[in-house]
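You will see chain A twice below: alongside chain B first, and alongside chain C after that.
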Partner chain A sequence: MMFLDPDFILSALRTGTPLMLVALGVLVAERAGVLFLGVEGVMLTGAFFGVLGAVYMDDPWAGVLTGTLVGMVAGLITAALVVWLPTDQVVMGLALNIAAIGLTSFLFRLAAGDLSQMTPPLNFTVPESLADNAFFAFLFGVPPLTWLTLVLSVVTSYLLFRSAPGLLLRSVGQDVKAARSAGIDIRVVRTVAMVIVGGLTGLGGAALTVGWVRSFSDDITAGRGFIALAAVYFGRWYPGWTLFGCLLFGIGESVAFRAQMLGGNPHLYLMIPYVLTVAVLALTGRARAPREVGRPYEGN
Partner chain B sequence: MNMLTEMNLGLPTKGAVTGAVLGVLMFATAGAALAEMKAAVIFGVANPVAVNGWDRGQFEGVQKLIDDHGWDVTVAEAVPFPGLANTAENYAKSDYDVVIFTSSGHIKAWNEVAPKYPDTLFVMMSTTSSLPESDNVLAYTSDFYAYGVVNGLVAGLATETDKIAAIGGVPVQALEDMFSGIVESSKIVNPDIEVLTAFSGDWTGIPRAREVSVLQIQQGADIVIGNAGVGTRGILDAVQSTETQFVGYATDWTEDAPETVLTSVLMNIPSWYEQLAQDVESGALTPRIELFGAESFALTPFNDSISAETAQKITDYVDQYVNGELDVPKVNHSFK
Partner chain C sequence: MTQTAREIVRLENISKVFGSLTALDDVSVTLRAGEIHALVGENGAGKSTLMNVLYGLLTPTSGRIVVGGEDVTANWNTREAIAHRIGMIHQHFSLVGAHSVLDNIVMPTLKWTDFAPDWNGHRARLAELSETFGFDLPIEKLVDELPVGQRQQVEILKMLYEDAKVLILDEPTAVLTPQQADRLLEMLVKFRDMGYAVVIITHKLEHALELADEISVLRLGRKVAEVRKGDGTISDIARMMVAQDYVPATTRLSTPGKTPIAELSGLTIETDGVRTLDNISLEIRQGEVLGVAGVAGNGQNELADALLGLRPLSEGRIVVGGEDITRHSIGARRKHGLAIVPEDRHERAMVGDLDLAQNMILGYEGEAKFSRYGILREREIQEYCRGCMSEFDVRAPGPETKIGSLSGGNQQKAVIARELSAGPKLIVAHEPSRGLDFAATAYVRGRLVQSAEDGAGVLLLSSDLDELMELSNRVVVMFSGRIVGEIQSGDYSPERFGRLMAGLDAKVDGDTLQDA
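Right, the complex of A and B next:
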C-alpha cells in the first residue's frame, strides 16, 4: 500500500501538474523556433502573481487567471526581446530568469504582510453521497488544474498537429525561409505563440502556488521550469511523451517522499526524481529539435 | 573600568597579548554600547520577517536591539553558504562592533572569520556544541531537547489517533535533539504513541515539505509538529487541507491558520538578543554558549480542537516539566 495507492497517484499528479503546464508552454515555444530559457522566470512570475490575485481577490480562480495573464504579458515581453529586436535567446532567457527572481522577491517583500495568509483552497468537494466510494473519492481528489491540464494538452496537441494554425507555427520553427516564402509573417506567428506560451507557463506557476501549496516564497519554482524543459526534450517535442516525462518526475518525487519510511538517509531518496530525469534523458538518446530553435530571425 | 576588570577576570589564560587585545575590544564594545552599537545580522533566507518560525523570531530579536537598545543594525538577507565568510569579513573590516549569525549552518564561517578580526564580536544565535578558537565569540540558543520535550507533551496528550508526526527540513543536530525530546516526552504522557518522523530535504522547499507531511498524515498522524524553515508553510498547508492539527514552531502561528494551529510553542528568540544586549552593555563577554531552557518557552492559547480538560492537562504537564517536577530521560535518537 506504500506505493501505487490512490494517495500516491494523487501526490504524483499534484507534483506533475505545474510541470505539465509549463512543459506545454516550452513545447509550443520550441515548435515555433524560440528557445525559451526564460521559462523558469516566467513560471516564477506566474506563481507570485497567482498568489497575489488569489489573496487580494479572495478567490483561487482569480489567482489562476492573474497568474496566466501576467504570464502572457511576460511572454509578450520575451517576444519583444527575442523575436523583434532580436537578442540572443540564450542570454536573454537567463537574464529574464534572474530579473524574475529579483522582481518577485522585491514585490513579495512589499506584500509580505498580506501574503502571510494561505490562499483559498482550490479543490473539489466530494458530495457526501459519494464520499464512501473510493473511485469517486479519488476522482474528486484530483486537483482541478490537473483536469484543466489534460484538456489543454488535448487542445494543444490538436492545434499543433491537426490544424492550419498549428502547421503554420511548426513551419516557422522548422524552416523560416520556406515559411517566409509561403507568405508567413514569422515575427507575428512567433509573437502570438510566445503570448500563448507565457500564458501556459504563468498558469503552471499559479498551479504550483495557488493550486498546490497555497503560498509563495522566494524562488519557489526551484528549477521546475528547467525540469519542464528537460521533459520536452525527453518527449521529443510531442505533447504526449512530454507530459509523460513530467508525470515521471512527479512519480519520482512521490517515491522519494515515501521511500523515507523505509529508513536510511532521506537525502539519498530525494535524489530519485533527478536521477530518474538524467537517466531517462540519457536513455532516450539524441533527439532532433525543430531546426530553427535558438536561431534569431533577422528578417532577411 | 569596572566592566573591563570583570571581563578580564573571565578570560581564559592565553597570554598577555591576547588579553590586551580582547581588553581593548571589550572596552571599545562597552564604550560603544553607551553610544551606539553597530551590528550586522546575517540571514540565509530572504525576507526573514515573512518566514514564520525561526527566522521571524530572529528578526523580532533584531528589532529588539534597534527599538530597546538603540543599536544601529544592518541586515544581510539571502546570503548563500559560500558567501557567508566573505560577508561577515566585510562587516568586520567596515568597523562593525558585532556580527551575528542566525543559523547553525553558519558555524563554518563563524569559525573561520572570528579569529581573524579580534576587534569585532561574532555571535552565533543558533545551536552549536563548540566555540571558535577565539576570545571574541558568544553563542545563544535554546535547549532543543527541552523544546522537543514540550512539543512532545503537547502532541502526545492532544492526539486522538496515538500517532503524531514530526517533520523537519534537514536532520541537523538541533532537529535530532528536538525530535528525540518529542519521542521521549510523548511516550511518558501516552505510552501507545507512535512518532512518525520525516525530512523534506531542505529548508526552503514548500512543495516538498507539504507532500512529506501529507504522507505522514495519511499514515494516521493527527498532530503535526513542523520545523522546515520556509518549508514549514507547506507543512501547515498539508495540515490545514487534511483538517488535522499543527503545533507552531518557535513563534506564534495562530494568525496563519487559527483553526489549524492547536498551539505554538514559543521559543522566545528575542530574549537571546536581549541577553546579548545586556551582556554587551555590562561587558560580560567571556566566550560561552548561553543555553535557554524550558523556562524560556511558552505555549500560546489552545484553539477549540481539544477539550478544556485536555488543554488543562497539557498545561499542567508542561508546568511540571518546566518546574523540574517531571523527569524526562535524555535519550538521543538518530534520525539520519
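Right, the complex of A and C next:
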C-alpha cells in the first residue's frame, strides 16, 4: 500500500501536529467566549520566532520555547484589543493577521542571512539496541512535539470538562450574565485564557517551522490558522473530535506530498487538504458555538 | 421564629446615578432574618437597581452597605456578596442553558484553584438539599431542556447551595402560571419561617401584601413609604406607587361621538398555557380618548403589540373604520389609519442615527410625495419636515440633525408629528409622556386630545393615573391580562383605581380573580 506505511502515518502526524496545537488554542478561546480570528497571525508569528530562537540559540527546543513565549505576548495583545477596549473581534482579528504577515516578512528580510540555514532537527534518536524493531522505530519516529500535543490535549480536556476553572471558564463563554452573577470577573478570565491560547498558538507555529519544515518563508502558515478554526467547528468545541479534524487535514496534506510523485501539476495536489476541509465542513451540519463567542463584553 | 427579628442587611442612603439619570435617590432599607421584605413600584422605580447594588453588580454613587453590622461598602462586589451569604435571582435568569443543572448550581461555589472538584460530594450535597426543600430536579439534564418553572427552581437551589441567608427574588412570579406562583410563594413563607431574610421585588401588590412583613414603596428612584404588615391597604399602596398627590383633573373633553371607530373583540394571546391577554373587548368611539390603566405588566404591552401586529393573536378580531384588519401586516395596518406612539421610542419609533427628516417619513417613504420611482425626493422631504417641526414645535437645528442627539421631549414630539400627520383613525399611545419634562408632557397630551377632537379615536395606555384622569373620557383597568373594570370620567377617584388595579373589585364572568 502506498499510503499506509509507517512513514505515511508519521508524515500525517508531523503535518497534523501544528494544526492540533493551534486548534486546541482556538478551542480554549472560544470556550471562553472569544472569537480568535487573529489565530493565523499569531501562528505565523510563533512560526517565525520559533525559527529565530532555534537558529540563534542553536537548539530546537529553545526555538519552541521562543515561539510559545512570543505567542503568549501576542495573546495578551489580542486580549488587550478585543477584551479590554473592546474592539470588534472579527475586524481586529483580520487586521492582526495582515499585520503579522507584514511584520514577519519584514523581520525575515532583516535576518535573512542568518535564517537561510535549516534549524537543528527536532527528533528522538532510536537507541541502537531497538533500531531493528519496526515498532520501536516507529515509536521513536513520532515527533516529540506530537507527544507533547497528546499530553496537552489530555490536560486541556480534563481541565475544561472536569476541573473547577474549566467550568468557570466555560460559563464565561456560554453566558456572561450568569458568570457575572456568580461573581466571576469576565475580563480577567478572558485575558488569562488568551495568554494561554496565544501560547498554544505560538507553539503550534513553532511546531510547523522548527518541528517540521525547519525553515521559515513568507506566509508559511498558508491559512492553517483558519483551518484550525474550521477543525474546532468540525469538532463541535470538543478536543477529541477537533484533533481528529486536524489529523484529517494532516492526512490530506501527506497524501498531497505523496501524490506529487505521480507527476503533474503539484499545486493541484496541494489543494487536496483544503478541499478535504471544505468537504468535511459541508457535511458537519450546523453546530452551535458557545453563546458569547464574538460578542464584545462591555461590563456594566 | 423570634419576634424581635435580627437585622442582617442595612442599606443606608443609597444613591445611584447613571449619567444624567438618577436611578436611586437616598434610599434606605433594612432586611431582617425571618422576614419577607417586598419592594414594590412601577417599572423604572429603582427596585432592581437597589438590589443589584446590594448584590454587588452595581456600585452605589453614595451611601453605605452594612451587612451583619459591618460596613462593607468599600470593595463590595458580587463575590463579596455571595461570601456574605447574599443570593439573588434576576428577573431574566442567570443560568447557563448549555450546562447541566448540577454544573449551574455548583459553579458559583467553585474556586479557581480547585483542579479536582469532588463531584460526587457535590452531587450528594445537592441531593440532600433537594430533599430538605422538596425539590425534584433532573440534575444531569441541560438547563435549556427544562421548562421555565423548573429553571426557577434551579436558581433557588443555586442560592441555597451558596448558603445564602438573604434571598433576593426579582419579579419571581412573572414567568409562572398562577399555580406555580402559589407554590413559589408558599416556599418563600417556608424560607421565612426557617429564618432566611427574603426580598421579593414585585408589582403584584396582592402578593406583597399577603406575604411581606414589610413593604418598601419606591417611586422614581425614591422610597416614598415603608409599610409594616397590616398597616396599609392595597389601594393605599397602589396610589403611592403611581402618584404622590392627587391633583383633580383640569381638562375634560367634549362628549365624543357615537360612531365606533375601532372595535376590538375577544383579543387573546396565549403562550405556553399562560394568557397574557385574556379576552379583551373594547369599543373606541370617534372623538374619544379611552384610557387603559393598570400596574405595568398586566397585559398593556401585549395589547399595544397586538394592535400594531407585532404579536400574533391567539383569538380575536380587530376592526378599524369598519374593516377587519386582524390579518393585515403591520404596514397595511398603518396605511389603514393606525398610528402608534410606542412605550419605548428608542427601540420602536425612531432610528437614532438617521436625521430628523428621515425619521419623520419612516414608514411613509413610499408615498408619492416623498419618493418617485424609488428615489427619495430630498427637497420635498426637507420641506415637509420643516412644516412638521413648526407645527409640532420640534426644536432642532434643522431637518438634517440626527434625531438621537435631540432631547427626549423633542424626539417624542417628532414621533407624534409623524404619527399624527398621517391622518390616523385610531391612535394607540403607550406611555406617551414618560420621561418627558413638564412642558413637553403638556404639549404631547394636548396634541392627543386635539386629535380626538378632530375625530380620531385614541387608546391611551398609561401607568400615570393623573394623565389618564386628565385626558380620558373613560378608563378601563387591566389586571392580569383582563379588563376588570371601567370608570366613567365623572367617577374617577384614585381609590377606585387602586382597588381595581390591585385586582380587588374585579369580577370577570362571575368568578373573582382571586380564584384564578
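Going forward, the second predicted complex is superposed on the first by the 288 of 300 C-alpha atoms of A that agree within 3 Å, B and C clash if a C-alpha of one lies under 4 Å from a C-alpha of the other, contacts with A are read in each partner's own complex, and residues count from 1 in each chain.
Simple rule for what comes next: a residue touches a chain if its C-beta (ideal position, glycine included) is under 8 Å from a C-beta of that chain, and two chains touch if they have at least 3 such contacts.
Quantities reported herein were computed from a predicted structural model and do not represent experimental measurements.
Contacts of A:Ala178 after superposition: chain C is touched, whereas chain B is not reached. Applying the stated contact rule after C-alpha superposition, one finds that A:Phe136 touches neither chain B nor chain C.
Using the contact criterion defined above for the overlaid structures, shared-chain residue A:Trp147 touches neither chain B nor chain C, since it reaches no partner.
Of the two partner chains placed by the overlay, neither chain B nor chain C lies in contact with A:Tyr274.
Of the two partner chains, chain C is the only one that A:Pro290 touches; chain B does not reach it.
With both structures placed on the common chain, the touch criterion links A:Tyr56 to neither chain B nor chain C.
Once the two complexes are laid over each other on the shared chain, residue contacts for A:Tyr238 go to neither chain B nor chain C. When the two complexes are superposed, the chain touching more residues of chain A, out of chain B and chain C, is B.
On chain A, the positions that touch chain B within their shared complex are 7, 11, 14-15, 105, 108-109, 112, 115-118, 121, 123, 208, 212-215, 217-220, 222, 253-254, 257-258, 260-261, 265-267, 270. Every residue of chain B that touches chain A in the complex is listed here, in rising order: 45-47, 49-52, 78, 171, 198-199, 201, 204-208, 210-212, 214-215, 218-219, 230, 233-234, 236-237, 240-241, 255-257, 336.
Looking at the complex, you find that chain C touches chain A at residues 55-58, 77-82, 88, 90, 92, 94-99, 103-104, 106-108, 110-117, 119. Across the complex, chain C is touched by residues 159, 162-165, 167-168, 170-171, 174-175, 177-183, 288, 290-291, 300 of chain A.
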